[in-house]
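Below are two complexes that have subunit A in common, paired first with subunit B and then with subunit C.
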Partner chain A sequence: MSFTSFSFFVLIAVCCAGYYLIPARHRHIFLLALSVVYYIAGGPVFLLYLLFAALTTYFGARVAAKGKKAAVAVPLLLDFGVLAVLKYTPLAVSLLNHLPGADFPIVRFALPLGISFYTFQSAGYLLDVYWGRCEAELSFPRYLLFVAFFPQLMQGPIGRYGSLAPQLREAHAFDIANIRRGLWRIGWGLFKKMVIADNAALYVNRIFDDYASLKSLGIEGVLMYSVQLYMDFSGGIDVALGIAEMIGIHLDENFRQPYFAQTLTDFWHRWHITLGNGMKDYLFYPISLSGWMSRLRKWSRRKLGKEIGRAFPIGVANLIIFFVVGIWHGAEWHFIVYGLYNGLIIAVSGLLTGTFRRWKKSLGITDRTRWFQAFRMLRTFVIVNISWFLDRSGSVRQAFQMFRNSFRGPIFSIHVIDPSSPSYCMSHFLPILAGCAVVLAVSIMKERGTDVLKKVSSLPSWVLAAALIGILIISAVFGNKDVGGFIYANF
Partner chain B sequence: MRTFKKLLPFLVGLIAFLCINSLLNFLFVPYQFTRVKIHKIETESFDDLILGSSHGSSAMDPDVISGHTGRSCFNAAAGGQFPCDNYYLLLDAMREHAPGRVILEYDPSYFVIRDGFNRNARYQLHEMAMSGVKARYFLDQFFPGDIRYVLMPWSLYSLEKSAMENNIRRKTSDIYRSYSVEPFIDSAQACGENGFVAIADESSGERSTPELFFSESNSRAVEENRKYFEKILQFLSESGIEAVVVMTPVPDSTRDKNEAFYLKAHEMMTELAGRYGAKYLDFVVPDEGDSFRGMSWDDELFSDGEGHMRVSTARSFSGLLGSLI
Partner chain C sequence: MEEILAILEDIQPDADYENCTTLIDDGILSSFDVLSIVGELEDTYNIRILPVEVVPANFNSARAIYDMVQRLRG
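And now, the complex of A and B:
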């Protein structure tokens, strides 16, 4: 059930009306029922996988709360085992087939909706309980709701038990301000998705699918992909946050103007924030505090000196984290290289921090120098866009070929999606341009500290109603209706 | 009461949206031949009802078929009409008048298309009279669809001023109210009261030969279309209505280029039709003993490479079909 489908809008309406009409003590059951309906719409069988993950971590946490390590290890092995089999079998088989004489057929399983998200979220809960950050949930229906809460199930944001579960438990009174904020957010998300991302997808699909003949348009393709991916993913998150907002639940933000980032590390603090935070808490810190890392830290300080010796183990941990981020995105080599590319740049920049600091000092530049900030922003944008080649391409080879060919001819063509119909191309290109201008203006305001949502939410309700009607009509006229699903729903 | 007051602007907004949307639908959704066909099947009864795609609508002239069978016949096949749409069209027709026999045109090239926004289906839904069938059709095919497709079908059409003026003129005239076929007759093709679309002998469409194949990428579409085709056959079998499945001829060059595709399509339908006791006439891959086996279908008999027949070919073919059923 896509966020842009009619059925989903009916679900939102039922959710909102039902939530406030049903007695407070039954609301979690109501939300759970809606989440199950939502999940079943994507394939009834897949519900079993979700239940399995929820049951293993629910019972695991009950025991793990008593400090039993095995109660953490077993559910994690089971859940990530299921994820690995479903998602990574083709990669494993293709690796095995490199062995002499091996020729196993590549089996592809249908992936349950949002499996990466709910596996990660439920694993996070289990670890939080084990580490004493939160109490184990006693009620299974309440816990299942935390795992399966429908607005965030498909593509996040990845919720933390400590912040989400109490909100799901609490009975929120009807507040028109929440409805307004939620509706604005949903409208904004749909605008980004239907008007900008789906039109950009036309260019992206055309250029990436036919990269061999459209040799030099790689830069256009990747720029359009950076637009598509951000608008698609953040648009979907806006819708999820908006729905939750309407019933008084505040989900974690997942984006904070990522293309304004000054460094790649900064970018990852602004992009898919909940995944980054999860990786930091559940992987980076445990790795950093592990015994072997401690030994590596001592060794590197002794052999590489104080400055590099301190950055080296962090770089190794970052490489591991981004390897996992890459493989989390998909069981293909280009995703793994995408992750390693990010990890390597962050690791190397960590190693060179001291050198950069000395250069800046000698040139009289500080991090507050305006032109230097602009330079860093542009540099980071370029670095990120190079990574998008790897993310979007079907293979590492394709990514390298596209990148290499990018400078061998004209780099931009509005008419690439249909050279025989300039008006058709303009009808898709102009909405991207205009939409990006609107998003850029809003992003600048947010970056300067303006609470845009608060401002627009305080406008009279009729303005909101008119804006929503406008967004629907604009998306009907200018949106590309053939794209459909969200990119991150595939993860 | 206070809550209601707070929600009032949203309710007014919803009503405003519905009004604006209805106006846009009126302005931009054109009058189409499907309106005539649905009106016919909902208000009249026929001994033989033809269902299918554009191949069926342009190949089977009900008057010629009636001349051979002595039974009344209506052609409800249409371009962009998938097995699912045909299924609900059949149920819609059955509400008032059950046909004695259904001639089901089978175009396997429709089976391999992944169908997204199908404005023909959306228009069919729009034109169907309010009924349980319409509600089922909506829930089955439109409820999970994109909100713009479901709520704002006007966005699927030309939004130019000339199109709007044309639509207003037609929809406010007697032509629209009386379900006239007059707007659907021009030098290239003529849509008749009997549902037949006569493509002029002089008309010439895309001559290139299509490339058709079953593959992993279209397996879901095949499964979906096959499911509804089977539902039609099962429904007819359970209702005691005779079913005849017909694969209309395609140009020889198209058949030769896609031999494997048509063979597989033939196997699939032979099995399906056999299971429900339907008669199956395949003019592309005839069976041993079929009287029409060995017939040649020259490219010039068709208006295009896909296999839409020219009117004179269609009339001879309809005569042949009428004599066989």
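And now, the complex of A and C:
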């Protein structure tokens, strides 16, 4: 059930009406029932996978709360084992087929909706309980609601038990301000998704699918992809946050103007924030602070000196994390190289932090120098876009080929999606351009500290109604009906 | 305390450690910086800092870092 389908809007309406009409003590059961309905709509059998992850972590956490390490290890192995079999079997078989005489058929399993997200979220809960960051949940229905809460099930944000579960438990009184904020947020998300992302997808699909004949349009393709991916993913998150907001639940933000990032590290603090925070707390810190990393640090300080030696093991841990981030995106080599590319740049810049600092000092530049900030933003945008070649291409070879060909001819064509119909092309290109201008203006305001959502939520109701109707009309007239699903729903 | 301030200055000199209480919340210290600080503290004070200690409350100010070190030294 897509966020942009009619049935999903019915689900939202039922959710809001039912939540405030039902007695407070039954509301979690109501939300759970809606979440199950939503999940079953994607395939009844997939519910079993979700229940398996929830049951293993629920019972695991009850025991892990007493400090039993095995109660953490066994559920994690089972749940990530299921994820690995479903998601990574094709990659494993293709690797095995490199062995002499091996010719195993490549089996592809249908992926349960949001499996990466709920596996990560439930694993996070288990670790939080084990590390004493939160109490183990005693009620299974309440815990299942935390894992399966439908707005965030498809593509996040990945919730933390400590902040989400108390909100799911609390009975929120009806507040028209929440409804207005939620509707504005949903409208904003749909605008980004249906008006911008789906139109950009036309260009992206055309250029990336036919890259061999469209040689030099790689830059246009990747810029359109940077627009599509951000608008699609953040638009979906806006819808999820908006639905939760309407019933008084504040999910964690997942984006903070990522293309304004000053460095690649900063980008990852602004892009898919809940995944980054989870990776940091559950993997990066535990790996970096492990005993063998401590020994590596002592060795590297002896061999490489204080400055480089201090950063070296952190860089190694960083590479491991981004390898995981890459493979989390998908079981294909281009995703792994995408992850390692990010990890390598961050690791090298970490190693050279002291050198960069000395250069800046000798040149009289500070991080607050305006032109230097603009330069860093542009540099980071270019670095990120190079990574998008790897992310969107079907293979590493394609990514390199497209990147290499990008500078061998005209780099931009509005008419690439249908050279025989300029008016058709303009009807899809102009919404992208105008939509990006609106998002850019809002992003600048947010970057300067303005609470844009608060401002628009205080406008009269007729403005909200007109905006929502306007978005639907613009989507119907200028939208791309061939694209509907969200990119991150495939993870 | 002076020793901790010296470690912080060495790793990330562009911060006001005397007054700032939002070193993590405001992104002044990155995760790279935090781990560098942890490494230095472990080596200097011969303590073990576990991942559960690496939370904003323990690294938001020089005073919080000092208090954590004192607690871990017993």
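Keep in mind that, in the parts below, the second predicted complex is superposed on the first by the 491 of 491 C-alpha atoms of A that agree within 3 Å, B and C clash if a C-alpha of one lies under 4 Å from a C-alpha of the other, contacts with A are read in each partner's own complex, and residues count from 1 in each chain.
By our rule, a residue touches a chain if its C-beta (ideal position, glycine included) is under 8 Å from a C-beta of that chain, and two chains touch if they have at least 3 such contacts.
Everything numeric here is computed off the predicted structure, so don't read it as measured data.
Participant: After aligning the two structures on subunit A, examine subunit B and subunit C and state clash or fit.
Facilitator: fit
Participant: Examine A:I473 and indicate which partner it touches, taking first as subunit B and second as subunit C; both and neither are also allowed.
Facilitator: A:I473 sits against subunit B, while subunit C stays out of touch.
Participant: Between subunit B (first) and subunit C (second), which, if any, makes contact with A:P410: first, second, both or neither?
Facilitator: In the superposition, A:P410 touches no partner, neither subunit B nor subunit C.
Participant: Kindly classify A:G364 by the partners it touches after superposition: subunit B alone (first), subunit C alone (second), both, or neither?
Facilitator: Touch partners of A:G364: none, neither subunit B nor subunit C.
Participant: Classify the contacts of A:P286 with the two partner chains as first (subunit B alone), second (subunit C alone), both, or neither.
Facilitator: In the superposition, A:P286 contacts subunit C only.
Participant: Going by the contact rule set out at the top, does A:G449 touch subunit B (first), subunit C (second), both, or neither?
Facilitator: After superposition on chain A, A:G449 lies in contact with neither partner.
Participant: Who does A:G101 touch here: subunit B (first), subunit C (second), both, or neither?
Facilitator: In the superposition, A:G101 touches no partner, neither subunit B nor subunit C.
Participant: Looking at A:R297 after the superposition, I want to know if it touches subunit B, subunit C, both of them or none. Which is it: first, second, both, neither?
Facilitator: Touch partner of A:R297: subunit C, not subunit B.
Participant: State the minimum pairwise Cα distance, in Å, between subunit B and subunit C in the overlaid complexes.
Facilitator: Least C-alpha distance after superposition: 37 Å.
Participant: Both subunit B and subunit C contact which residues of subunit A?
Facilitator: Of subunit A, no residue contacts subunit B in one complex and subunit C in the other.
Participant: Where on subunit C does subunit A make contact in their complex?
Facilitator: 11, 13-14, 27, 30-32, 35-36, 38-40, 42-43, 49-52, 54
Participant: Given the complex with subunit C, which residues does subunit A contribute to the contact?
Facilitator: 131-133, 265-266, 269, 280-281, 284-286, 288-289, 294, 297-298, 301, 310-311, 313-314, 317-318, 346, 350, 353, 357, 366-367
Participant: Tell me, which parts of subunit A touch subunit B in their complex?
Facilitator: Subunit A residues touching subunit B: 1-2, 4-10, 41, 174, 176, 179, 183, 194, 460-462, 464-466, 468-469, 472-473, 475-477, 479, 481-482, 484.
Participant: Which positions of subunit B touch subunit A when the two form their complex?
Facilitator: The contact residues of subunit B facing subunit A are 3, 6-7, 9-10, 12-14, 16-17, 20, 24, 116-117, 142-152, 154-156, 159.
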